[in-house]
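Just so it is clear, A, B, C and D label the chains in written order, and each chain counts residues from 1 on its own.
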Amino acid sequence: MTLRIGVIGTGAIGRDHARRINHVLGGAKIVALSDVNKASAEAVKKDIAPDAVIYDTGEALIAASDVDAVLVTSWGATHEQYVLAAIAAGKPCFCEKPLATTAEGARRIVDAEVEHGKRLVQVGFMRRYDSGYVALKQAVDTRIGAPIIVHAAHRNPAVPEQYVTPMAIHDTLIHEIDVFRWLLDDDYISARVLFPRSAARSHAKLKDPQIVILETARGTIINVEVFVNCHYGYDIQCEVVGEDGIARLPEPMAIQMRLGAKLQNDILTDWKDRFIASYDVELQDFIHAAAKGTASGPTSWDGYVAAITSDACVTAQEKEGQAVAINLPTRPALYN
Amino acid sequence: MTLRIGVIGTGAIGRDHARRINHVLGGAKIVALSDVNKASAEAVKKDIAPDAVIYDTGEALIAASDVDAVLVTSWGATHEQYVLAAIAAGKPCFCEKPLATTAEGARRIVDAEVEHGKRLVQVGFMRRYDSGYVALKQAVDTRIGAPIIVHAAHRNPAVPEQYVTPMAIHDTLIHEIDVFRWLLDDDYISARVLFPRSAARSHAKLKDPQIVILETARGTIINVEVFVNCHYGYDIQCEVVGEDGIARLPEPMAIQMRLGAKLQNDILTDWKDRFIASYDVELQDFIHAAAKGTASGPTSWDGYVAAITSDACVTAQEKEGQAVAINLPTRPALYN
Amino acid sequence: MTLRIGVIGTGAIGRDHARRINHVLGGAKIVALSDVNKASAEAVKKDIAPDAVIYDTGEALIAASDVDAVLVTSWGATHEQYVLAAIAAGKPCFCEKPLATTAEGARRIVDAEVEHGKRLVQVGFMRRYDSGYVALKQAVDTRIGAPIIVHAAHRNPAVPEQYVTPMAIHDTLIHEIDVFRWLLDDDYISARVLFPRSAARSHAKLKDPQIVILETARGTIINVEVFVNCHYGYDIQCEVVGEDGIARLPEPMAIQMRLGAKLQNDILTDWKDRFIASYDVELQDFIHAAAKGTASGPTSWDGYVAAITSDACVTAQEKEGQAVAINLPTRPALYN
Amino acid sequence: MTLRIGVIGTGAIGRDHARRINHVLGGAKIVALSDVNKASAEAVKKDIAPDAVIYDTGEALIAASDVDAVLVTSWGATHEQYVLAAIAAGKPCFCEKPLATTAEGARRIVDAEVEHGKRLVQVGFMRRYDSGYVALKQAVDTRIGAPIIVHAAHRNPAVPEQYVTPMAIHDTLIHEIDVFRWLLDDDYISARVLFPRSAARSHAKLKDPQIVILETARGTIINVEVFVNCHYGYDIQCEVVGEDGIARLPEPMAIQMRLGAKLQNDILTDWKDRFIASYDVELQDFIHAAAKGTASGPTSWDGYVAAITSDACVTAQEKEGQAVAINLPTRPALYN
């Protein structure tokens, strides 16, 4: 049986997911498209999904009887309404980050899904599907003893002037916020932010780099350097110090060259090159679960906790150096 | 349009390719199966391809009107007849190694395809699809200047007693024989084999390790250590020395750990773990080309040249230390 | 001219320095020895320095007319008195860590040397002479742009039960405290300590690991993991994030092996193996300067600042998570 | 007791060894100098060894009663006569490469030393003192099982036009010829040379690169790439394949940087930077042995075998591809 998928939001990421489903992955096809910009949906139909029907609204697409599952890849502010509609229709739904633009919105989704009684939502935290993190998690779980400290870094070559200090949390650290909960199987209890002097390449409204320190319920301390104007490349680092030893995220595969008095390999400069393969794996996982009428991978609860944690980190930016408590509500049984 | 594929030979590799096509890749499905052991074909139908029809013979499968393309994954001695039948039927055909068990057999396939006038055959040299070799080829083509020397190694942890000296060529070096022609875009003109003392873990009928030295038409010298009882792991190494610098095949991705006074990472011990991902890429490439009625990737000519070169290497084993000439016929225009 | 050196304190480090001077380095010889345990001094005379005269007291040794320069390698509590006596005698003096057991004591040495008007004292911070740190400093000064963040770690396999929480500062972090001031050519303005849960291998009176965060006058933030029961080895790490890129302290030279399905190299387990070569370089530097009647390398002022900073870090341990200000007095011109 | 050394030949290497002895190492001093160019000897006296006496001839220097030991660092063609004179005088003698310019000359030295009945000569094969090779030898002896294959490379950035094909053996491979006998504790039985096409940067009278293949008495095969116009750096590689695993010579220590989309470290470009530290160790070893009236390290026999092997390799260049036998005379008991 081929899973019939409708895509709401056919911008860059929606278009790329449509291509992935129709041309790369097995078990699904795109049957429906919708976008506020109808021309965008028509272009995807023409180029990628000629058999798809175009709907005027996301709600109409969700309601269509031949749509088995939904991808929400529209503008962030609209995610909540479409995910809620998909839950109401009982259809599996893959939602790109963020699940909602506020913690309250994410909570409403959690509540709706809990009331529905079965998982339907997968949030697009693709790092959990990256082969490097998967291997790191295995090492953390089986080789190095219980984790005590995590040293990490999230570095981008440059960001535009519109990128302001809180975006280092909402747009950048958000990936670490989710992946470390999963990696450590633990929850955060506090956040703290330290600012060294800003880099000369930073902008007037951006303190960059910053060091975010998260503490978990089991007492692990995570320090993450977020440096979005690091200039030299896109570089994701993570080292976990455990009771018995240390495990480190692998560098991306690269050809080592001896050239011009340098032993060298290229560093990536575009985040897409780093994580592109994990999008395939995450969507294949969605297709497999949705074919059984449910969802797998990152949950609504994960999206909700990410929102709460992000808010605490932004508060911690404002209270530089002080620990800001993170108090999570009780986790519903659906997510255990 | 979904490409309808028939599989001739449902042993380990045939079964795995069927799974790949039905569950992992996009654009194709298994509609036909055949095996001398009918129970094997039935098991694949039951587990992987419930809609497939089982045929008594490969020829009947090839003739079936709803079979668009054929996978030949049967016993090596039968490859030639099925590939010739597929060409006769004008159907794209993926054939696992070897294309034929003799150079003459491979030549008959080349001749049939040339007469047909269009490429239909892809040979299963999957290393050309490995991301490491693809990156290495890019570095060789664009970064290090024209290649002059290649240092390589093909190491297996252990082989059984039935593995005798010539199998180091036919079963093991065969991969290097193909991949270096592609990597260097060059042809061989001679082969030479040197034997150091054999390892204590080797067997009575196997000289192991051995060093195979190939020379190309452009004057590049390739030395390959073949060591099939190296004990420590499955390890594929390749370093290309060019006019301006050196490029080296990446190590497989692994988590680096600091543990027990060792900075360490696991080395693979099973060849399947090393090249499993390249099988997906090679078959996807086959599906894309077959959907257009043709073939891509390694050609019948490549299979034929590999057979000629293997024969020369085995002669070189017998004439230890002497250079054995490799005289290739003119390449048909179809393969330029 | 051969520099005539007297050694006060012939325990392990004093004996080793005597061997170094008489058997490894050029330009100096041991002419005088003194130790509260006279048998220890006699053993060094017998084994290493047969021509040396043994003195009853350090003061008598310093006063001897044929002693050109002094090594103070006695028990830490006695350092101050001997260094002051050497300054009073106008003789160059190499003093092992700590310069004095209190900041006040170190200040008295600074004042005496300033009054003397010329440098006479070198403190035994040998990391400044380690070839790895020297190369790192060169990269920081010339390759990666101005430093913004330092990530570091100081890990020991294990410590005995007597090692309590403040010793992680006084005995362990003390090396980083000195070397980062030199590496960054900057001064500290605050210290902060964070404690994750302690490792199972730690002891009742030791919180281990800990994270020490130092801030410098120019706004660089340094975070150092101090983990003295890390079990897997003796491991010193340092990564400097600059405006243009990142430089990392090299791993100690080690043979990489492929063995037992591991790509591996040994990690050191003894700190002496890591820094033994730098002792040669530091003492050779002392000999060269002392031959000219002065001192080079780490100054009394450096020893004093290290003492002040250590005290602030211990306070920061007590005020977990809070920043403790480090207010340095004005640096005397002698040390510019 | 301070060893009194006379230096015959005060060109670049003689001058540097004089500096080493007077300023870096312990236990010796320069008391005598001699050079065909007297001004050169006087410059060394002035700059480095003010107390040295200058002699008109090497023979006069050797005969001087206050000269305990001799360094022969003169023009290669004169080595034999001075070493023979030192043996005749019963004085320990360090001789730079080559021991003699012909195998016959080296044999005369061996015979003279054997007749003298005690080792007096150390040949300047400094690689045996390099910390990397020392560590590699330890790994070969104790970790990876008996050696079977060695893969090696000796690469220089560039050579001048006067450097012709046989110099790749006499001036370049000579280091590998000695160090692999020591590393493997084995002797050569044949040599073979293969020439790929020459690099565009090579010269009319130089085939470059070349591959030299040596076979040992125990059946180990060594292949060495010699590439003296490799352009990218000075690079010495060595990998030993043993029964149980593989050990590799470490890369020289270097700071790894992330800079300009490259993960990179500098490669050396000058051979002196690679082996400078081993000169200190080799001369210190000479001083220690000479102080006892004998010699240590590489022997006259080693110098003689190197000469025989070099000659065989040059013959092998002329007989491209053919194995040239290396027949060594019986080793005198003095060298066991």
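Going forward, a residue touches a chain if its C-beta (ideal position, glycine included) is under 8 Å from a C-beta of that chain, and two chains touch if they have at least 3 such contacts.
This is a predicted model, so every value here is computed, not measured.
**Student:** Which chains sit in contact with both members of the pair chain B and chain C?
**Tutor:** A, D
**Student:** Please name the chain that ends up farthest from chain B once chain centres are defined by their CA atoms averaged.
**Tutor:** Chain centre farthest from chain B's centre: C.
**Student:** Go ahead and note the Å separation of the Cα centroids belonging to chain A and chain C.
**Tutor:** Centre-to-centre distance between chain A and chain C: 45 Å.
**Student:** Which whole number of Å gives the spacing of the CA centres of chain A and chain B?
**Tutor:** 38
**Student:** Per the centroid of Cα atoms for each chain, what is the distance between chain A and chain D, given in Å?
**Tutor:** Distance between chain centres: 59 Å.
**Student:** Please output the residue numbers of chain C that touch at least 2 other chains, ranges allowed.
**Tutor:** 232, 244-246, 254, 258-260
**Student:** Mind pulling up the chain B residues that touch chain D in the complex?
**Tutor:** Listed in rising order, the residues are 146, 148-149, 151, 192, 194-197, 199-201, 209, 211, 213, 215, 218-221, 223, 225, 227, 230-232, 241, 243-246, 321, 323.
**Student:** Could you list, by residue number, the parts of chain C that touch chain B in their complex?
**Tutor:** So the residues of chain C touching chain B come out as 157, 232-233, 235, 251, 254, 258-269.
**Student:** Per the contact definition, I'd like the list of chain C residues that touch chain D in the complex.
**Tutor:** Residues 22-27, 131-132, 135-136, 138-139, 143-144, 244-250, 253-260, 284.
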